[in-house]
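Per-chain numbering from 1; labels A, B, C, D and E assigned in written order.
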């Protein structure tokens, strides 16, 4: 058992850190049955509430469809944000992550990816089905999917920061909503904007490329911001 | 210290049980500063998201206003549901409540009241302001307020049952959303229905009285249902 | 622990104490002059009539709403990079004032909208982004109040404001752009009512008044915060004895 | 003797509980009367906590019966709620309330005639007197346990919950705290109460104490 | 001796920490080298946990310095993350993963060359062999602690986190478990590791052990 080994940190590369954190969270998501389905189901249900609340005129529904779909996607992602850090914080895992051989931003990045794979991706895939319910057609649907693919990771990344800030704060989940939603607004506007544009036949590339730009910036910055937030919450 | 006292259960009347549970939760809500404001702020923000997603045409906005307000109120209440039992479950308080001298349904009733006072009431009070943003006028606003006053307690009561059922389940918050939202649909339909009716000048009493009826039934039944759910989660 | 970190509040406390009355009086005087010019001297607006005079409240407060957030962002950097406690306290002291000005800008704007546009609220780009700014303020205040441990609250608030400030420009332009995409019901605000020099003067003076007011109030609050935070430290005790 | 009137009796007959495929205990028989204590002993995972939860009616046994005060223990039955005081691993403290408020709230569940003076007295006794206005979240591990100890001290005098079910009560307590606990239980027993206590450590209770040694089952 | 190369040293100078109005400790000086253990003693609430968190860089001290491996301890500095293994009151277990998966995930944070065989060996050693595929949520209190014990056992051989900071590690463990813990720490020390342990119970470590008795301050 006391064989001499190379110091493990030579083996602990950043990529591996991302992978370790991501695998862990993905496995948990798969284990707690239906967790994958949940964000999705919430999305579907809330979207379906609107016809009940607004009334059945198909013209009106089609008109508001992109907006409704986007707002609901945004809420679905937001509701699942606590998953990223909450339970790890409560059971002491977060301390262990912070003291692990891997730098915290790397692990945060892994967690973000896992969260996106278990929320954003399923949402983007189902959105078209809901769009059909509201009478949207091919191109419009494609634009919504594209927007969600680009937009949901941004929601996850910004959200992770908020989720980390409210760790251990009572009433945290809704406080987090308070912090995060204003930051989500540009994503909402560009995403829904693209969809609307596609409906009135305006060019959508502008909107989408803005989302892409935000995504790139986010990928560089947010892991560090999230890690900083975690450190603040652990002290 | 060893003075002989009457068995305490002669002193522990149901009303008192309601009061004990309610006071406790209200104090907690007041303590964690801003918790009162949070449901409210969430409500305001999400309502304000829709114009950003749908677009600023005032006619369209006014048309969808009641539906949007109601869906958002519903979500705001739902997001605060975990407050009712979650933390009590995690820190072992719930077991103590279940083993206390007061019957569990009584304590649950107290908790529900506390939750409504800290969510439904503030929502009903703010709703008119948001209605104004969407260009609704006096009577329509009044109907929305009346609907919320009658409807939000039902949301709390039904929600408490769902909240109790998902205790200790990972990803519980969103799973709870799945359980609860379908139950919320009637409330949504009658509430939003009343508001719509007021806009087209139809009589609203039918909708509202249906809400009132649901409220009365709920007050009788739900405390027991919630208590049963708690017992299930504790075993 | 840098020396500055510990000496700052103790030395700043009396300084602020001395300055507050000055800024206070300046604010008061400027406000009186500005309002007098604005409400009585300035001529009536040819198309809007008397209502337009609301501009003398509206515009300065709207400016302050934005400036104060930027200011807070600056303090946020200090807090996170140099971990100076005073900067964090300044943020906490400024936030309510900023929120208030934002609210006033919204309020006066809405009041103004009724007579001029026939509606209290139109989802005009500027209005919307101001509303979002209010949300940002509220979020910060909620977070700082919700966190029990002050040290942590400071850092958390700072990080939030920083992330927010990065978003503010994005938000502003996104909203502007969103609004112009499908032409909304709103009238462009800066549409030409020629501003007489006297109006500009009045507005400038009012803006100055707002600045002075903000500084005065912020200093008062910061003093209160310092007392609350350093309640047990020696110099505060000595002050309290001196007072009582 | 204050409680002689309603002396407490616990009768366990042929009790059995299985978890998944594993049988934790079977045909368990014992009984307990006023003034007596039963200590549950056994290796980790043998089933002490599970047994306590069955006695409290929190878990339903697979076989056998638990009879408290001549009435069968069912989940949350009134006579159980009137007589059983269960303290598990969790401390049931609200982070956002002060120590004294937490104590008051816990007591309010059992009785409504504990004066503030009594509470402060108990807090002093468990060395939390100077922490009484501190938020519970700031307490150390052992101090959190001590709040429960204060509750116990008040209980043996006031609320008359005569059957104590305690799960590793001395965890995280220092020597002085453990001694205080022992003294508290002794007082409770001497006043006609009874207690079932799961613990890995020697407690050194005075008065009639039985031990139940639980064995790992293949 | 496997670790002689990177012998571990901990230097604490004039360390001070206050919480709210209360000063927990001030001008604390001590040092620790390979093969030595330091036991933190003191009444509940005296500051043992707080001190451990400072040493781990989780809490920032108000004054003084902690120097580990000749480099100053800052929050989450690389050399801290490479050398410090901290186990607090929380068990860092995922309820929804099996025991073995939990162990594997915890190890994966420090190293990536622990074979499954090693893991199962360690689980057997802590008497969790037959529980390895059970969900962690079902474990008993003591069994949860034992997973951490298994991690420690693998660590002294494999991951080389040489500075152990352990907060009441024997809580909820039975006699056999505590004995196992002591043996594990002894092995760690004999391999050139070092440990700071907060505990209320006598541990009976062999080898060079210092005790730090912390006093309640007025």
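Following the convention adopted for this analysis, a residue touches a chain if its C-beta (ideal position, glycine included) is under 8 Å from a C-beta of that chain, and two chains touch if they have at least 3 such contacts.
Note that the coordinates shown come from a computational prediction; the quantities given were computed from them, not determined experimentally.
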Handout entry: Dominant interface by contact count, named by its two chains
Key = A-B
Exercise for the section: Starting from the Cα centroid of chain C, hunt down the chain whose centroid lies farthest away. Expected result: D
Problem - Cα-centroid distance, chain A relative to chain C, in whole angstrom - result: 32
Exercise for the section: Just give me the whole-number Å value for how far the CA centre of chain C lies from that of chain E. Expected result: 49
Completion exercise
Rounded to the nearest Å, the gap separating the Cα centres of chain C and chain D is 56
Handout entry: Between chain E and chain A, distance of the C-alpha-averaged centres to the nearest whole Å
Key = 35
Fill in the blank from the handout: Among chain C residues, those touching two or more other chains are 135, 138-139, 142, 146, 175, 178, 181-182
Problem - Shared-contact residues (touching 2 or more other chains) in chain D - result: 89, 95-96
Practice task
Find every residue in chain A that makes contact with two or more other chains and list them.
Solution key: 28, 32, 87, 90, 169-171, 175, 178, 181-182, 185, 189, 196, 235
Handout entry: Contact set on chain E toward chain D in their complex
Key = 19-20, 42-45, 49, 89, 127, 131, 134, 138-143, 145-146, 168, 171-177, 200-201
Problem - Parts of chain A lying in touch with chain C, wherever the complex brings them together - result: 158, 161-162, 165-166, 169-172, 175, 178-179, 181-183, 185-186, 189-190, 193, 196-197, 200, 202, 210, 214, 225, 228-229, 232-233, 235
Handout entry: Residues on chain E engaged by chain A in the complex (per definition of touch)
Key = 2, 6, 56-60, 75-76, 78, 80-82, 84-86, 88-97, 101, 105-106, 108-113, 118, 157-160, 191
Handout entry: Sites on chain C touched by chain B in the complex
Key = 119-124, 128, 131, 135, 138-139, 141-142, 145-146, 175, 178-179, 181-182, 184-186
Handout entry: Contact set on chain C toward chain A in their complex
Key = 80, 132, 135-136, 138-139, 142-143, 146-147, 151-152, 155-156, 159-160, 163-164, 167, 170-171, 174-175, 177-178, 181-182
